[in-house]
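My questions all concern the structure below.
Just so it is clear, A, B, C and D label the chains in written order, and each chain counts residues from 1 on its own.
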Amino acid sequence: MASKLIAIVAGVGPGTGASVARKFSKNYPVVLLARKPENFESLAKEINSSGGKAIGISTDVSDEASLKNAVETIKKEFGNDVAAAAAIFNASGGFLRKPFLEVPPEVFAQSLAVSATGGILFSQSFLPLLLNGVKQKSEHPPSLIFTGATASVKSNAQMASFATGKWALRALSQSLAREFGPQGVHVAHAIIDGVIDIPRTREWLKDLPVEAKLSADGIANDYWWLHTQPVTNFTWEIDLRPAIEKW
Amino acid sequence: MASKLIAIVAGVGPGTGASVARKFSKNYPVVLLARKPENFESLAKEINSSGGKAIGISTDVSDEASLKNAVETIKKEFGNDVAAAAAIFNASGGFLRKPFLEVPPEVFAQSLAVSATGGILFSQSFLPLLLNGVKQKSEHPPSLIFTGATASVKSNAQMASFATGKWALRALSQSLAREFGPQGVHVAHAIIDGVIDIPRTREWLKDLPVEAKLSADGIANDYWWLHTQPVTNFTWEIDLRPAIEKW
Amino acid sequence: MASKLIAIVAGVGPGTGASVARKFSKNYPVVLLARKPENFESLAKEINSSGGKAIGISTDVSDEASLKNAVETIKKEFGNDVAAAAAIFNASGGFLRKPFLEVPPEVFAQSLAVSATGGILFSQSFLPLLLNGVKQKSEHPPSLIFTGATASVKSNAQMASFATGKWALRALSQSLAREFGPQGVHVAHAIIDGVIDIPRTREWLKDLPVEAKLSADGIANDYWWLHTQPVTNFTWEIDLRPAIEKW
Amino acid sequence: MASKLIAIVAGVGPGTGASVARKFSKNYPVVLLARKPENFESLAKEINSSGGKAIGISTDVSDEASLKNAVETIKKEFGNDVAAAAAIFNASGGFLRKPFLEVPPEVFAQSLAVSATGGILFSQSFLPLLLNGVKQKSEHPPSLIFTGATASVKSNAQMASFATGKWALRALSQSLAREFGPQGVHVAHAIIDGVIDIPRTREWLKDLPVEAKLSADGIANDYWWLHTQPVTNFTWEIDLRPAIEKW
C-alpha cells in the first residue's frame, strides 16, 4: 500500500525544486511538474538511474486543463487510488523590477497566474490525493508545502509584480493550513529569504563565503523535516536564510 | 487650476464607496466607477443635485480596455491635463465561504481579477493623474487609498477565495506606498474589520447596538483624514472596527 | 460637566509630547507628566498664558507610588470625580545602540521600566478616569494613546534595548484595545517611523527637505483625529512617516 | 575538544524543558537551570543514570548575580574555556488572566522579570559560551533558542501580563538573530501555539484525540532540528501547533 504513496513537485528548475525532488525520491516515487520538459528530463533520468523512481509531466500550473491532464497521467501510472505523501509547490511567475508604471500588465498577469492561480489549482488537484494519504495512514502526515520568498512578507518598491502573487500564495497556504490541518494534512509555507546557491546564481555569488548563500539541498532537508513532523507538532511557517544575511 | 483636481472612486455600491464619494464630492468633482450603471446613477444624481459634481462611468476594473476607456472619458470631461487629488479603490471580487475543494476555480479567478488585477490596473491608470496633482501643488497630497478587510491580514479556513485577492492588494499598496510616497503621492491601505452598517446588512444587524456596527460615513471621514495628512505625516495603514468587536 | 474632562500627557519633552499637549489643550485642561519639572514648566506656562489650562506634575511613570501621587494631585485639582477625555503615553526609556554584549543590564532595565512597566502603571492609573469619561458621555470616546516607533515592529541588530520595551508596550496596547474598546474607551498605538523634526534633531536634519522629516505638530493632529473617531470607527494602529522615508 | 561543548536549558519544569534537556543530553552534557532544585533534581538523576551527563544549578534568571553564579559553577565543572553548543531559554513568568484593572502590578513585574529581563540576562550570560562554540568549530552551529507562545504574536484581552513579557522576548530574539547570525550563532524563536500534553495538563486534556495535543517530545525534536540546521539555512522563527487547533 505504501508503494502507492507518491510525492509531487511543481516547479523543478535546476534549483530548489530539483533538490527537493531528489530528497523526497529517497522515500517516494516523485512526479516532476514543469512547463518545459527540459526542466525535468535530466532530473528524472538521474533519479531513475540512481535507484529512485521519477516521472515528468509537462504541466502549466496556471491552466486547469493542464493540471487535470497531469492528474490523469498520474492515475494511469500509479492507479486510480493513488495517494500522495507530499505535494510541493515551488513554481513562481516571472516579475520585473522596474518602476510600477513601466511594468506591462502582462507581467502582473503572469505572476498572478503562476503564484496565485497556480497555487490554487495545484492545491485543488492534489489535496484529494493527500487526503487519500491520510486514509492510507501514511507514516508521515501528508504534506502540502509552498515555497515563499522575502517578497511574501515584505512588498518593496518596484517589487509589486512579484509580491502580489507571493502574498496571495501565502494567504492560500494559511487558509489551507487551518482547513486541512484538522483533516490530517500538514500545510506549510517556507519564506526563502536570501539568494540560493544554484547554477544560475553561482557566478554572481562566487566571492561570498558559504554562510552567505542559501543551500538548495538545505532547503530540501528542511522541507523533509516539515514533512516528518507528526500530527502533534505541525509548523505552518518557517523562514530560511543564510547566517550572513541582512534582514 | 484647482478646478481640474478630481477624485475617482471605484466600487461604488450602496455602502462604503457611496459614502466616500459623497465625502470627497464636497471638495472635488468625483468620478464614479462601477460595472453596472445602477450602482452609480442615483448617487451621481444625488451629488449633482446637491451642489457637487459627479459623473459615472461604467467600468470593469479587471479589464485594461475598460479602464483605458474610463481615462479617456475623464479627459474628455475634465481636459487632457486633468489631475487627481484622490483615487480610491473600493472594489472587491465575490467569494465563496465553502470548503476549499468545493469552490469552483472561477470564483478564485474572479476574486483575483477584481482585487488583485483590478487594483493593479486601477493604479496604473490613475497614478499618472495623481502625479499630475503633485505637479499642480494640490492643497493635500494626492492620495491613492485601497479598501482592505480583515481577510487582508488573516486568511481563515474556507476564506481563501477572498483572502488571496485581498493579500495581493495589500502587497500592491505597500509597494506603491514605498515607491510613490517619495514622489509626493500618499498611498494608504485601510483594514476594514467588522460589518459595515449599510442597507444590505441593516436587517441582519438591527438588534446590535450602534457601537457594534462600522459606519460607512465614518470610514469616509477616515479616508478624508488620510487624504489631508501632509507630506510630513503619511500613514500607510489603518485598521477600523467598531468599539464592540471581537478581534 | 464637560469642564471636568481632562487630558493627561506623559512624556512631555520638547518634541511630540509638547505638540500633543498643546493640541489637546485647545479642548481640555491638560496634565503634563514628566520626571523633571524643566520638561513641563515652560510648556505649562505657555498653555496657561494662551488661554488654556495646564498643570505639570513631576512623575516617574515607572514608579507606582509616583503615579499614585499624580492621581491624587489631579483629584485635588479637578475633583474626586474627575474624568479623562484622553491619556497619552509618550514616554520612552533610554537605550544604547551597541553590540548586545556591551550593553549594561541597567540600560535594558531602564528601557523596560519606562516603556513596559511605565505603560502598564500609567494605564492602570488613568483607565479609571477614562471610564469615568465614558460615564459622563464625553463628546469623543475617551482615548488611551501610546506612542510607538519603528522598533515597535522591527527589532534590528543592536537595538534590543529599545525594541524589548517597545514591543511590550505594543502588546499592552493591543490587549487593552480588545478589553476596553467594548467598554467605550478607544485604545490606539502609533508607530512613529522616521526622525521627528524637533529642536534636538533640527541641526542634524537641516539639509533634508521638509517631506523627509516627521512633524511633531502633525503627529499631534493625528492623535487628535484618533481621539475624535466615534465608537463606530476605532483605529487601533496607525503608522506615521514622512513622504521621503526608506522603509 | 568536542567534550567541552555543553547545552544549557533554563526553565526545566516537567514539560517542554525536560523533554528538550533529555533530547540534547543524547549529544551534550546538559546544564539544567531552574529556581527550585525540585524542578531539576529528578531529571538530572534520570539523565545521569541513563548514560548522559547533567548538572542542575539553582538559578533565578531574572537576577544577574544568580546567573553569574551559574556561569561560575559551569566553568568550575567544565573548565574556563567551556563552550556551548546550545542555550535554550524556556522560562516563563507567571501571569493572571483577569480584567486588567484587577491584575496587581507585581504580576506584570514578575512576568517582565522572567520573560524579558530573564531572556536578556540569560543571553548575555551564555552568548560568550556560544561564541566559544563557534571558535571550536562545533559540528552544528551553536544555537540560542527561545520558547514563545501564542501570546508572543497576539495580545488578547486580559492577557497583557503574559503578552508584554513574551513580545519583549520575541523582540530580543529577533535582534539577536540579526546580530549573532553573521557571527555563526543560530538564534531562533518558537511560537508554541496550543496546549502541551504534560503531567499538569493531562487530566484536563484526557478526552482530546492525540492530534489535538502538542507533544513536548515533539517540540524537543523540533528544537534539535533547529540546532542541526547548517550556516546556510538558519530559521529564525517556527510556529508549532497540533493538527487540530483553532488559530
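By our rule, contacts are C-beta pairs under 8 Å (C-beta built on N, C-alpha and C of every residue); 3 or more make two chains touch, one makes a residue touch a chain.
For each chain, UniProt lists the protein as follows: A, B, C, D = NAD(P)-binding protein.
Since we're looking at a predicted model, the values are computed, not measured.
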item: Subunit A (NAD(P)-binding protein) and subunit B (NAD(P)-binding protein), separation of their C-alpha mean positions in angstrom; value: 34
item: Subunit B (NAD(P)-binding protein) and subunit D (NAD(P)-binding protein), separation of their C-alpha mean positions in angstrom; value: 46
item: Computed distance of Cα centres, subunit C (NAD(P)-binding protein) from subunit B (NAD(P)-binding protein), in Å; value: 32
item: Residues of subunit B (NAD(P)-binding protein) whose C-beta touches two or more other chains; value: 178
item: Topology of the chain contact graph, where touching chains are joined (line, ring, star, complete, other); value: ring
item: Listing of all chain pairs that touch each other, if any do; value: A-B, A-D, B-C, C-D
item: Of subunit A (NAD(P)-binding protein), residues touching subunit D (NAD(P)-binding protein) in the complex; value: 141, 178, 181-182, 184, 186, 197, 210-211, 213-215, 218-219, 221-222, 225, 229-245, 247
item: Footprint of subunit C (NAD(P)-binding protein) on subunit D (NAD(P)-binding protein) - complex, ascending; value: 64, 99-101, 105, 108-109, 112, 116-117, 120-121, 123-124, 127-128, 151, 154-160, 163-172, 174-176, 178-180
